[in-house]
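Going by the order they are written in, the chains are A, B, C and D; count residues from 1 in each one.
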Amino acid sequence: MLYLQILVNGLLLGGLYACIASGFSLVWGVLNVINILHGSFIVIGSYVGLLAHQQFGINPFLTVPVAGLLLYGFGYLLQRGVINRAVGQPVLVTLTLTFGLELLVNNMLIAGFTADYKKVVLENPFGQIELGALFVPVDRLLSMVLALLLTGILYWMLRGSKLGRAIVAVRMDREAAALMGVKVNSIYAVTFGLGALMAGAAGSMMSMIYPISPIISTAYLGKAFVICVMGGLGSVPGAIVGGLALGVIESFGSLFFSAELATTFSFVLLILLLIFRPTGLMGRRGYE
Amino acid sequence: MRRFDTILGPLVVLALLIGFAFVGDNYFLRLATFMLMYAVLALSWNFIGGMAGYPSFATAAFFGLGAYCGAILQKAGVPMFLSWAAAGLFTGVFAMLLGRAILHLKGHYFAIASLIVAEALREVVNTWTELTGGGMGLNLPVLQMDVTDQARFFFFAMLVVAASTFVLSAVVIRGKLGFGLSCIKQNEDAANILGVDATRYKVFAFVLSAVFVGPAGAIYAGWVNYIEPADAFDVLLSVKPIVMVILGGAGTLYGPVVGAFAFLILEEVVWRNVLTFHSGLLGLLIVLLVLFMPQGLIRVTARRLFRRTAAP
Amino acid sequence: MEDYRVEHRMGLKTRRIVQAALICAVASVGMSAGAVAADKTLKFGAPLPLTGPLSPEGLKQKEGYDLWAEQVNKAGGIKVGGDSYKIEVVYADYQSNTPRAVQLAEKLITADKVNFLFSPFGSGATKAASAVSEKYGIPTIAATASSKAVYDQGYKYLFGTFTPNSTLTTPLTKLVKEKLPAVKRVAILARNDLFPLAIANVMDGSAKGSGLEVVAFEKYAIGTLDHASTLTKLRATKPDWVFATGYTNDLILIREQMRNAGLKVPVVTMIAGPAYKEYAESLGKQAENVTSAAWWHPAVRYSGEDVFGSTEKYNALFEAKYNKVPDYVQASASASGVILQLAIQKAGSVDPKKVRDALAALDAKTFYGPVKFGSDGQITSLDPPVFQIQGGKPVVILPADIKQADLKPVS
Amino acid sequence: MSALLELKGVSRSFGGVTAVHEVTTSVRQGEIVGLIGPNGAGKTTLVNLVTGVHRIDAGEIVFDGRRISGLKPHRISHLGVARTFQVVQPFPDMTVADNVAAGALFAGGGASVAAARDAAYEHLEFVGLGELADTLASALTLPDRKRLELAKSLAIKPKLLLLDEVNAGLNSREIDDALELIQAIADRGVTIILIEHVIKVVLNLSRRLLVLHHGELIADGPPDQVVKDPHVVEAYLGARFAARMRGEPA
């Protein structure tokens, strides 16, 4: 029973992780840009959820589309205006650029919202389902379902729609896609926007789960990194697999070892994975 | 004329620095020591990042290792200089082993692997409380020395490391190793075919990017008397040298030094004027730098100089 | 070189010029008038973490110092002998980076020539920076350092306003044993970080010392985003008392996840979260009946000889300026200023050595409580209050003479 | 003359697809051998196996009496095996001279950077790039880049030179110039394997042809015999060669 509970904990956490990472993975895969800003995007989404709840009493689940669209716009413009100038340049350049942007945006968030922790407190909390000794918190369960649903929609969109095929084509071979008439720059901006959208949606959802502060962005970013490498970068299903895997690993890690070692454990695992299987658990070939 | 460039120029700077140590007050000595430390980090990163083109984020790992290695040895009673040297040796060996493991990765994969090594080390140091003091940090023995003498002492210690790094950079950049690294940076496959032992060269560059950072970390630990994991393995220690090198000019000899100097000035000037928005301004600086001056100060000015001298 | 002064609206240069002009004017008036006292300035250096992870704490300390400086200047400054000194707090942001705090402490002393120093935030940074002020012989007040390790270095110029950590946990343990004798098993969950871990360690000692059984002692890493499995593990040890330490965000998450994990116990103690209003605000009903302890609480009632006069007046002034209730960090910061001021006045001099001796001999009443330092420089006269969130607000349950309510079980 | 290069049952597959299958042949000192085959026949893979870029799955490669299969690329180049790439691969941010100097320095036994640069100028004169020695490699035209590739290869003082589609993308005049240069290199005693999928180019220089098809060596002999070989005609020359002979001038 204990193991079952731990497994459930891990899967619930993994659902959130998948949602944290999917947008990050998409941007990385298509643009070959590590978006250090991703954590701050999530935080902005959380503030959207928080403000909507404070001002109008709206449940953060309902502001998911609002936060998503807002972040889409922000991401699209940021890519068009700034990041696009560096796409295709060496890793170092794009990485340094988004790092600089992160410093700037995060500092602006602190200036605007202060670093104090805030959180959405629901009038009527969702509570938890109790199945014998098994506890399943409903807010997390809903978040996980929504997270997987959103990630699933993203995957389906990439597979099924014309836009999605264009994005995949650009990811596979930029020159070839350009020759086939795909507007690469606008695909880049749309993809970056989609990545931000996923972050915003995740952030809004998590505004009732995690305390909100600009400071927490690095924690999200760190998780996104680990999940992406585990799942294989650029792969949306990989983000789900990596997220769930990390959730379960951390969960059992804190049971068998100690919570203080759970992070170390996942880092060490990650380094080993990078050394011996850089294409991720899914075993796809990386797009290097 | 080239002699002036390569030997006399640096000697003049060195003489100025030594003279400065006897006139500057403690605060400026502290700033200067920081500048030298930054120069060590930037010059070191330049070996692997600037010359070989491998985006290493391992500087913080080397720095933290060196700091803790030096501090732990000193606490155990090992003489200061010996503990510094040991820190260099230890980080060097660590870099060799790490390099063998992760230098076959390219691009983002290498960047992440090197970044995560620092994170993992920080966690390990944080958890290994018996040896490292964990989150409580580690206090070093205080030197029984006059305040100003102490400031001078650490300034000179850092100066020696910085000068060594510079000299080695100069030797490498003009020699076979630098040539080979440059080939690797531009086309690793072609370099291999032309007989460059890319694996060995990369590992060598990686080790070089560590051996001076270790002692710099150890000296730093002794200098501030107190280290803790979050500071010794701060990710900014990996990022700042990169910014400095880009600022100055990647792969050049003087670029990292100029970059370190310019960066320190910017840091101080920015912070003098804004108290709560300086990381935002640092971010803005990085963005502008990457977008508008990716070649660095050295190349920009060098090009200008060249144009002037080219005219008869 | 992070200059940031109390009155920062004017540009630095303009301010300098105006200042210089004023000084000249005053000086010439003073000279012509003969023996009239000149208006001088005393500088207090404060390296604070105004950005980075510790910025919430740093900004709170700043509020405390600002309020004190404002009140003193309003009252005409500090009077020493025939002179009257205006107060200027010189801030420097060390970005939550301890070595930078040390560097800035030195910079404040050597470049800004501050007369006195307020320590950086927390025990670690305080300990690190104390070496600098000791080197230069600058009297330094630590507003937020409690670990014994900070004070047993044999330093002469460092004084702290927090009693040792065990003074927080021992009274609480005794109270729980007395009021809720059924509570036997304690589970401790600590953030693996300087202060949270230190508090957890003394709690371990307090619990064992009063015959309670510590059934679990778990540490979690900084930046942990999930406690579900750790709490599931704790639930299996069947505790009656959950004692958790960490930063506010950690504790909010832990409290929330305790409910999720079905971990229901009669006593929940969290340090330091419930001392901050964000904690109760972010948790709503979940915060109810959570106990905590801190070195100061706005519900305490002291009267003092300082510029604030009494705890009530301090609270009122604080609320008027910042539109919120002060917590122990802000109050301790204000108290640090008050303590230095009292010492300067008692010494009748601004000479660092004399002020240091006055601090060592100080025995005063303040809004913060009675102030008397032990030979190691740590305050000994304080009786830290234990409190509990009741009806969404913290109420004092210890010490008995100022308590507002009795201890209640969580459920 | 003894064999300079020997391949004994060399095989290699990628993810289940066989790229080179049990190739056995040898190249004698001083020969100019043409290696032909349609696109995807495994020619470039074979070059990669000889130069150590890929490891072989089975078999053995012996060069100059020494087993080289299993050695790393830089070791093999030190032994005197040079190659050019199908897609030219200069070091773009270096001068033309430094590109060549790299070869002289690392595999060519150069004593110092300065000595390697001196040697580089000679090689550049030889391939006709002397005047462009100090320009950046990225500024060169395609034919000049091909020359640069040759100069780089020469700088490592090769005994064996593998030229992978060195004529691809050149017009017929440029090809003639290139072939002249290759002949001049051969005259210096360098053994050459000329990899081409356009057979006409090879016929001018080679006295011996190897034909690779689906990773297998299907013919080995003088051009006139090979061309008549029914396997070759069937597998490769049939439609394509005829079409090319009729159509474009190569």
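Going forward, contacts are C-beta pairs under 8 Å (C-beta built on N, C-alpha and C of every residue); 3 or more make two chains touch, one makes a residue touch a chain.
What you see is a predicted model; the values in this text were computed from it and never measured.
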Most central chain, Cα average position: B
Centre distance in Å when chain B and chain C are each reduced to the mean of their C-alpha atoms: 37
Mean-CA-position distance for chain D and chain A (Å): 48
Chain centre separation (chain B, chain D; CA means) in Å: 43
Chain centre separation in whole Å, for chain B relative to chain A (CA means): 33
For chain D, residues contacting two or more additional chains: none
Multi-chain contact residues (two or more partners), chain A: 107, 110, 222, 260-261, 263-264
Per-residue overlap in chain B, given as positions that touch at least 2 other chains: 123, 126-127, 276, 279
Touch relationships between chains, expressed as pairs: A-B, A-C, B-C, B-D
Interfacial residue positions of chain B with respect to chain C in the complex: 25-27, 30, 34, 123, 126-127, 134-137, 139, 142, 147, 220, 224-228, 230-231, 234, 268, 271-273, 275-276, 278-279
Complex interface listing, chain B residues touching chain D: 174-176, 179-180, 182-183, 186-187, 189-199
Residues on chain C engaged by chain B in the complex (per definition of touch): 1-4, 12, 50-52, 91, 93, 95, 97-99, 102-103, 106-107, 110-111, 124, 127-128, 131, 135-136, 149, 192-194, 197-198, 221-222
Chain A residues within the chain C interface of the complex: 2, 5-6, 9-10, 12-13, 107, 110, 114-119, 121-122, 125, 128, 130, 133, 135, 137, 140, 209-211, 213, 215-216, 218-219, 222-223, 247, 250-252, 254-255, 258-264
Residue ranges of chain A touching chain B (in the complex, touch as defined): 28, 32, 34, 82, 85-86, 89-93, 95-97, 99-108, 110-111, 222, 225-226, 229, 233, 260-261, 263-264, 267-268, 270-271, 274-275, 278, 286, 288
